[in-house]
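Before any comments, here is the structure.
Each chain carries a letter (A, B, C and D) given by its place in the written order, and its residues are counted from 1.
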Amino acid sequence: MADSLAALREELSLANRILAHEGIVDAFGHVSVRHPTDPGRFLISRHRAPELVMPEDILEYTLDTEPVHQTNVRHYGERVIHGCIYQARPDVMAVCHHHAPSVMPYAISRAAMVPVFHLGASMGKVPFWDSRDDFGSTALVLVKPEEGRSLAKALGNGWVILMGRHGATVAGTSIRQTVFRTIYSCKNAELQTQARLLGHVEPLDAQEIELAAAYNLRPGPQERAWDYWVKRLRDAEARVAAGTSATAKPASAGKPKAKKPARAKRRKR
Amino acid sequence: MADSLAALREELSLANRILAHEGIVDAFGHVSVRHPTDPGRFLISRHRAPELVMPEDILEYTLDTEPVHQTNVRHYGERVIHGCIYQARPDVMAVCHHHAPSVMPYAISRAAMVPVFHLGASMGKVPFWDSRDDFGSTALVLVKPEEGRSLAKALGNGWVILMGRHGATVAGTSIRQTVFRTIYSCKNAELQTQARLLGHVEPLDAQEIELAAAYNLRPGPQERAWDYWVKRLRDAEARVAAGTSATAKPASAGKPKAKKPARAKRRKR
Amino acid sequence: MADSLAALREELSLANRILAHEGIVDAFGHVSVRHPTDPGRFLISRHRAPELVMPEDILEYTLDTEPVHQTNVRHYGERVIHGCIYQARPDVMAVCHHHAPSVMPYAISRAAMVPVFHLGASMGKVPFWDSRDDFGSTALVLVKPEEGRSLAKALGNGWVILMGRHGATVAGTSIRQTVFRTIYSCKNAELQTQARLLGHVEPLDAQEIELAAAYNLRPGPQERAWDYWVKRLRDAEARVAAGTSATAKPASAGKPKAKKPARAKRRKR
Amino acid sequence: MADSLAALREELSLANRILAHEGIVDAFGHVSVRHPTDPGRFLISRHRAPELVMPEDILEYTLDTEPVHQTNVRHYGERVIHGCIYQARPDVMAVCHHHAPSVMPYAISRAAMVPVFHLGASMGKVPFWDSRDDFGSTALVLVKPEEGRSLAKALGNGWVILMGRHGATVAGTSIRQTVFRTIYSCKNAELQTQARLLGHVEPLDAQEIELAAAYNLRPGPQERAWDYWVKRLRDAEARVAAGTSATAKPASAGKPKAKKPARAKRRKR
């Protein structure tokens, strides 16, 4: 368990890069965590793709999504999704918003997402929220507090919610639980789609959902999955580090391909 | 914003390799940009797969697709697609032609492609052009000016067009916008196909399309997505650079596997 | 053939990482082997994702799944799957339990899995076992001896069994045969699903299944496939080793990205 | 054009590894070339997965598939596929046999494969051959001369043939053309399947097939595609070389992970 703010920033940045590496988020999507000692604040990256998020990108916001510290960096437009869920749900400690390709077909077709295997059980009942119902035709993104509150209300005491023609939002009692629930609700959606193509979907019954969720949310399976995702990410990053190190050496100065300065500059934007 | 010809060549070569790395183009497909100071010219690579395109491969053409400078390298056969769109549409600054696997099923089945999530909104209405209508049975590729003009006419004031049994062409007001629209129209197509398999497709309505397109084409989301794709490409290229550097060192002279000279020769063809 | 316990541990750890690398297992799933000289014992990793399993993680258990040696590491919850199959089937020398995305749609839809190409023949007839039949609504995982015995009974003298809303279990007369049968039953499932989408599935007939299984389970094809999977895994691991080596060098001490100590610590849990 | 036997071995080994890298072949499948000066012979690898094939693995056979030189290495079981096609078709200079996942659903469902985009045109008409018709229930693999002759007869003057519940075989007038036709017939199959799921497949008409095939089989497109596949393969191999080089260095002797000696031994089998 991360017990200091620095460790939490590190863990949140890892969660960002894990979700990118596992194909849940691309340039868009974000993940946040409630402040460990001040429940009236939450931490989330500045405006950038999750794959690029490092601990130093993590900023603090109040639950009505005002930055706690002065800064001139750009903020995520949809941070009301996070702030409003933290306001409505004191038990929620981490939130992820994404447009994963496995889940989007459900957000577009309005087909119901249901747990179809034990590892998908932790998503529970998945309500469907449509911005049209309360706000008519919009740009679909949630940028106003009332939009965030409408979503949080629809989520109720659930953990995953579909957002029509837009994406999904996932909550949890920790960063790791939220990452676990996000990844396995996406895998569940993939499997449900394939089973449907085979002609029949046999979902878990209510008691199976409850028992399987409890089983998989214990520390053992949670740690095992987290260690696995961290390992995969670290391996991928090690592969890049090899190249960066190789091209940084004077011995290979003749290779003009990997333009380091240009890249460094781009990252500062 | 790229403000010199050298920077534009660099950006165009990056766009080529990004589109290859994201799975939009393979050995075929191409992307061009209008000349920054002479609107009567455009820049595009010589005849080679986008993944291999470097700044020095970029050539200049007039809008009727004559090379501006003498050269003995091979040219793309289908550059009329680019020239004719630049002629018909003074607002278009960059064009991409591709056969992405996500979009091709629409070019083959004639099913309509429609925006199904906010990030797909920037493609707008997608007309369908069939070479058979004006030219009968051909090799399907566009090599004559009249073929390019027919396509440009069908595109009208749109941004994406499907080409029957062939592919798609995408336009934009900058390289980055064209890359964004290309990648997200492909993702939109994938999602639409999956939603259709679930039994229903709920598209964005006209106002949602307009608002979501405007939202996503702002500089913030555009830069965030571009930085993400550049990062992914640079990481992939760094991994290769590590290997190239390793095998180039005398210490590993005993490894005959990676035959550098053969490869260098092949590239010169 | 591995002829010592150390070699067998090495081979079993390789099998774990091969199955992870080929996309059969993720954080969950496991593979075991019967003890080479004591048929009343089997070897399986301690509780961790297969991709992370090294020879030193392999533990010994009796067939009623008690650890042979005292240890304070965590054990897999579902090792009764392995123990009960070894008890019921003296001819079985290795067992794999997984939730591969290709096979899960059959475990969810109850559609029958049948051999549709020669390389899928070695799975033979695939029974369907549902925990609800004997045990009602559970967490779906098999943790009690009676659950393992029920599964083993349903497997009968077969080699692959589907488990409703949960996964599949595969047996074989050696680690390599079990890996082969696991990977090709998954490929068979993928192909069957796609053929079904095209409108018709023409399965192998009974004699074709028998002849093709016998052909492919000969040493030649088995070694060829094993060498291929080992090569792919070794290549992937070499890519990571390059990065790990690069970041471990003092010359690149300025790169804080790949935090080696944190990672080493995590692995010890 | 490869003009010596050594260059041809190099090119054939490249073709093997390209087809593996592009996902056409896995542990199984093979590709051959007719001897450049003796049309009564052909070259093909000894019995091993295409991804592992190096120039020194290439052996010579007569067209009735007898090895020209004494050797104690294992041979491919199905080399009659190659020998019999070279006997029946003097215009064929290279042959590939595979079980690619894109094409297998057609071999299983008996749905007709037709060119649906210009790059798929070079496959032409694709006959369907079923081992049951002439030989009843077999292991499905072709190991007898009469089986090879039956297949060659069914191929007629075509270039691609489907083999029921087994795979496909592709011919061409050179290694590069065969690789091109193999890869693009697989891509065509993928697109046809997806278009079918969208509800309609509009194939190329007979004249479009002829014109598009002629256009794409010209040297320009052929070289562009070959250079692209070579580049992708070389990049992948460079990434591995980096790791191999890193772990071979004394500085990283403390890393026991990548066991080089064990691997070297395995390769010699």
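Brief remarks follow.
Note that a residue touches a chain if its C-beta (ideal position, glycine included) is under 8 Å from a C-beta of that chain, and two chains touch if they have at least 3 such contacts.
Keep in mind the model is a prediction, meaning the values are calculated, not measured.
Looking at the partners of subunit A and subunit D together, the chains they share are B, C. Ranked by how far their CA centres sit from the centre of subunit C, the chains are topped by B. At the interface between subunit B and subunit D, under half of the residue numbers involved are used by both copies, so each side presents largely different positions.
Relative orientation of subunit C and subunit D, expressed as the C-alpha superposition rotation angle, is 90° to the nearest 5. Subunit A and subunit C have Cα centroids separated by 30 Å.
Each of residues 196-197, 239-240, 242-246, 249 in subunit B touches at least two other chains. Touching subunit C in their complex are the following residues of subunit D: 26-28, 47-49, 51-52, 74, 77, 99, 101, 104-111, 137-141, 164-167, 193, 196-197, 239-240, 242-247, 249, 251-252, 255, 257-258, 262-263, 266-267, 269. Within the complex formed with subunit B, the subunit D residues making contact are 10, 116-119, 187, 190-192, 194-205, 207-208, 211-212, 214-215, 220-221, 223-225, 227-232, 234-235, 237-246, 248-249.
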